[in-house]
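Input: structures, listed below.
Both complexes below contain chain A, partnered by chain B and then by chain C.
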Partner chain A sequence: MSNEPNKVVIGLWDHEEVYLHAVEHIRAKGIEIYESLTPFPVHGLEDALGYRETRLHTAGFFFGATGTTLALSFMTWVMTTNYPIDFGGKPYWPLPSFIPITFEMTVLFAAWGMTLTYLVRNRLWPGRVPRIYDVRTTDDRFALVFDAEKYPADKLNEIKELCKKEGAVEIKDKEFSGKDEL
Partner chain B sequence: MHAYESEFREPLINGMDKNYTKITDDLVAPTERNSAMWWIATLLTGAGSAFFVFCLGWTVWFGIGTWGLNKTIGWAWDITNFVWWIGIGHAGTLISAILLLFRQRYRTGINRAAEAMTIFAVICAGMFPIFHMGRVWDAPFIFPIPNTRGPLWVNFNSPLLWDVFAISTYFSVSLLFWYSGLMPDFGTIRDRSKGKIRKWIYNILSFGWMGTAKNWQRFESLSLVLAGLSTPLVLSVHTIVSFDFATSVIPGWHTTIFPPYFVAGAIFSGFAMVETLMLISRKLFQLEDYITINHIESMNKIIVLTGSIVGIAYLTELFIAWYSGYLYEQFAFYNRILGKYFWAYIIMMSCNVISPQFYWFKSLRRNLWVTFILSIFVNIGMWFERFVIIVTSLADDYLPSSWAYFSPTWVDIGIYTGSISVFLFLFLLFSRFFPTIAIAEVKAIFRISSEVAKAERAKKEGAAHGGFVGLSTIGPLDKDSKN
Partner chain C sequence: MKETFEFTPAIKKALFWMMGAGLIGLLFVFLMYPENKHARFWSNITLNVYYFTGIGLFGLFVVAATQLAYGGWQTLMKRIFLSLSAFAAIGGFLLLGILLLGFGHVHSLYDHVMHILHEGAGNPKFTTKLIYFAPAFWIGRLVAYALLWFGFSKVMNNFFARTDQTDPKVYKRSKLLAAAFIVVFALTESAVSWDMIMSMDPHWYSTLFGWYNFASYGCAAWAMTILIVIFLKSQGYLEKVNENHVHDLGKMLFGFSIFWTYLWFDQFMLQWYANIPEDTNFWVKRFDVGYFKFTVFLSLLINFVFPLLVLIKRGAKRNFRLIGFGAALLIFGHYVDFFNYTFFEPNNNEQATHHGSEHAAVKSTEEVVLYADASHGGEHGTTDATAAKHETTAGHSADAHAAGGHHAEEAPKNFAAIGLGELLIFIGFLGVFLYMFFNNLAKRPIVPENDPYLKESEKLTVIYS
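For the complex of A and B:
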């Protein structure tokens, strides 16, 4: 991200329940949490952070519907218009025998469409170099990142105090050069 | 916040020394050490895989005539192996999708390896129909691609074509499911890597995973919808495979019971293969705390259930053959039991129907040796089930002068055993470089279902009730539907 702050304050927790309460209390004080990193999905975290629900599944529905339409219309076109074949006087448009392929194509489109949307929206691709705030956030630490460029020094100290009070096991300042590397 | 769990339920993560750090250490460890055993096994299966490629090359060069097929039995080991491998591939998606929807937490210990197994099994399965075509270079024409012959399209009424769509969709959706779950764990390995090259490789594999709250929110949505899609998908795939037979008019194949019977059989054989592999891996990679006896018992329960469904299907088939009053159907079933392939029928019945019945006893369900041996039996039995259905139905057709017997050639045997080598070879590579247990998912159940968490809760309960830990721990079932 180009507009990522280069100076940040990072608070680290080691228990997800304490962390979750901390998020609620810190946000209640009107302090903006820039980023939140956890080693696994913590239930209720997105609500505590005030995130709105993801629309990924809605996208999945539309991808699936595209697959259904495409499969049905293509088979219809082939069997009735482009190359109609008479199978012993049976109908040219045998809908029941289209069901398996229509179903498979629905699933195929929904799954691929959703996964690609997921990768694009999360900005994940092979070779992407992420900003690693702390290597332990994929191991055993739950992190909150605050934008240090946004707040004056006394406010930052207040944030640090608050984190400590809320059970953070470690609080640190970190500065990035602007270019992320592994 | 956490889902309630009865304290009487056994923990899914054993060991009082566990915490998040320890879980990462334990689960990443197999990717960080070298072992001589692994090298030997990989070289052996690699050689087997090379022989597989050789046999396929032989088939392409000299033609399908190098197989034991004849005019009467035009499908034999090839399609038997195909259905067998597809069936084995079913457990992965079943474990990751259906058990996710049913909120069975024991899936977290075994889903990753089972999904990997699915992918490798489907790769092996796909080889058989492709090489049975003879002219493999024409294989792309199984898809409806524009061509200069009319254009002449594929027949959308044919179950063989439905199979093409089913298997390719199944393969690619399983791959997405598996890989989307792997990304966060690759991120974990990357962040603890010391070497620069190792870090770089695992970063590429992880797609630059960060683990922000938004990442995880979308991750959960993705895995839930993929699970919802894969559940009907996994049932449809083997249903469609069974259509290959059921929609034909061959006595012994033309039965409406095939779809549910094949699906149950697929789950049955898939779980058996998961057990065979997981019993070895848990020992080899010291994962006993994460794949516990509890996990094994749960799988054995599914095996006894699906094994019994398969048994009922066998008997129903026999009954209906008699009840139909249709001579040719009755003849086909007479041949299965008392014909020239009676021995295959006996192996099938004893391995698939009788052997899983041992699992009605708790002590046997929890016995590792019994489980290992029975899982092998089930794998053998399920191979013979397909052999019995396919070969005995074809061998004695309507015309006695064309009755035949199938004997495999060295090429048949080489391709089959070679495919097992390929499967094991891929699994060995997977278990050496990829996290075989879903690290993030195991951590997510740590506060609910680990020995540590249970002990903590018992202590708390004990303190609150003056030291009495007992009935007070029995609560309403799973209050929180979020987990």
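For the complex of A and C:
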């Protein structure tokens, strides 16, 4: 996703069911859909688009494991090596009392790690102006975006024809200047 | 598509074999371990009756909770949850029987309470216990649970078989029924855990014990449902149930496992930290005996570490083999968990103290304090309590440094274990449970055709998230 295409073809639909079938048919023709934008979650769209399972939660597991390790090893170091204190006759390595803090650190690391990973992967860092393909996709239009740089002109025409056949209410070309812009 | 479960002779035969194994196990344990009035035999019965009753009640709870929460995903499996309660309908009466036998001194599981009832009158330490465990009140409560569970099991099974459930009036009444059961369940399942399990060691308190039991047999109930769904699918039933439904069941199983761990750890950590002899005594009795220490941590290993590392993945919950294996393992894991609470010896390691035997050792000082007769003076008790605290602390630091064993030579004789007899008895009770389950399931079509949420359940997909 790091290289966003500057030239795109956008098809707009106005009905969820038609849109879902269009996605299935277009993908069945072997045409790659670059992006799909809908005003609300469409049931079954992930399957129709053939999305893979996200790896975000796997990353989350490892962030969490980092937090666990860090918390446990730091407290162990402090309580056994750096500054051992006898608290109420408890052992110098009072593992049960570490667990709540370890749990909190695990959650903290997993939450921050996953949030930041998500933002970075979706190019949502501060100051970024998001590329908007069509403002109506937050209102009443379902959009499919095709990478126009990838296909030759006759193929693009074929895609446009196909979109029209599948019930698109509007098809347009759009060109971006290469910088982030509205 | 087969619509009504057919309870075939082949399945019946297999279940009768299981029950036969259970009978052999019961006989074996009864004959081989006559110590303490056949304590091992009666512990086994109490453990299994309680465990399977809990699983059954949890089935009703799932139906009630999802009905109240407008749940739709479970509708295809609604009759499975309802049928789980077939055993719970009689479980209350069995528990009542166990208690009555305890009063009749047939077994000695509740001897601590009997001792308090017998000798505690006038001792300010036992005022509330004497009220709560007054025989009429105690037995009366068990009677109430038994009747309520029996009644709700029958009423809910019949109600959700009605053909007019889409009628708004009937639907509204289903919410009332569900709400009523939630209240009854919350009160009875907490109280029965105190009455039947915590009272085996009445000097020990855990304020979250009701929840804890709920989470424990809750896990087992989800696991049981998963196994039954997989079994029924392999027999050609439940055509519309697919990996999405099993995925949701697996999520509940995973969630309840974590919930169980949370409660387990809360209970343990607070008592470890506060270090009050009454509380820690419970753990000392377990951690000082190698076998019980092993089972305590075995249950933690199976019920927490295994789901955390294996069942966390989406793929694991959608793979029938893996989730089926996990479910079977967790049913065993929670059996081990209840084993730690219900068996005679961990609760009665100090039994010798007030039965006057010199041979079975008095293990640590707090037992003298805790199980002292009213004749012990206040000052004497205080001194002993202080000594007990030191003893407990020593015991804990010892096991924390893995250098325990200073009690080893004086450890009391211990007859509790998860041996062949226990496994056979467990299989036997499982056979009874499944027999009643299938018997109830075969009465009506498996899929509740008239449920207003049926379509939602059929269309269930668990999206990537």
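The rule is simple: the second predicted complex is superposed on the first by the 168 of 182 C-alpha atoms of A that agree within 3 Å, B and C clash if a C-alpha of one lies under 4 Å from a C-alpha of the other, contacts with A are read in each partner's own complex, and residues count from 1 in each chain.
The rule is simple: contacts are C-beta pairs under 8 Å (C-beta built on N, C-alpha and C of every residue); 3 or more make two chains touch, one makes a residue touch a chain.
Everything numeric here is computed off the predicted structure, so don't read it as measured data.
After overlaying the two complexes on the shared chain, residue contacts for A:A110 are found with chain B alone; chain C is out of touch.
Touched residues of chain A were counted for both chain B and chain C, and B has more of them. In the superposed model, A:P152 makes contact with neither chain B nor chain C.
Contacts of A:V129 after superposition on the shared chain: chain B is touched, whereas chain C is not.
By the document's definition of touching, both partners, chain B and chain C, reach A:S97.
Of the two partner chains, chain B is the only one that A:M79 touches; chain C does not reach it.
With both structures placed on the common chain, the touch criterion links A:G44 to chain B and to chain C.
With both structures placed on the common chain, the touch criterion links A:G30 to neither chain B nor chain C.
Comparing the two interfaces of chain A, the one with chain B and the one with chain C have residues 43-44, 46, 51, 54, 94, 97, 100 in common.
Put simply, chain C touches chain A in their complex at residues 265, 268-269, 272-273, 275, 312, 314, 390, 393, 396-397, 400-401, 461, 463-465. Residues 1-2, 19-21, 24, 144, 150-153, 155-157, 159, 161-162, 165-166, 169, 172-173, 176-177, 180, 183-184, 187-188, 190-192, 196, 199-200, 203-205, 207-222, 224-226, 229-230, 232-233, 236, 240, 243, 440-441, 443-444, 447, 482-483 of chain B touch chain A in their complex.
Considering their complex, residues 14, 16-17, 20, 35-46, 49, 51, 54, 56-57, 60, 64, 74-75, 78-79, 82-83, 85, 87, 94, 97-98, 100-101, 103-105, 107-108, 110-112, 114-115, 118-119, 121-132, 135-140, 182 of chain A touch chain B. Within the complex formed with chain C, the residues of chain A that make contact are 43-44, 46-47, 51-54, 61, 88-91, 93-97, 99-100.
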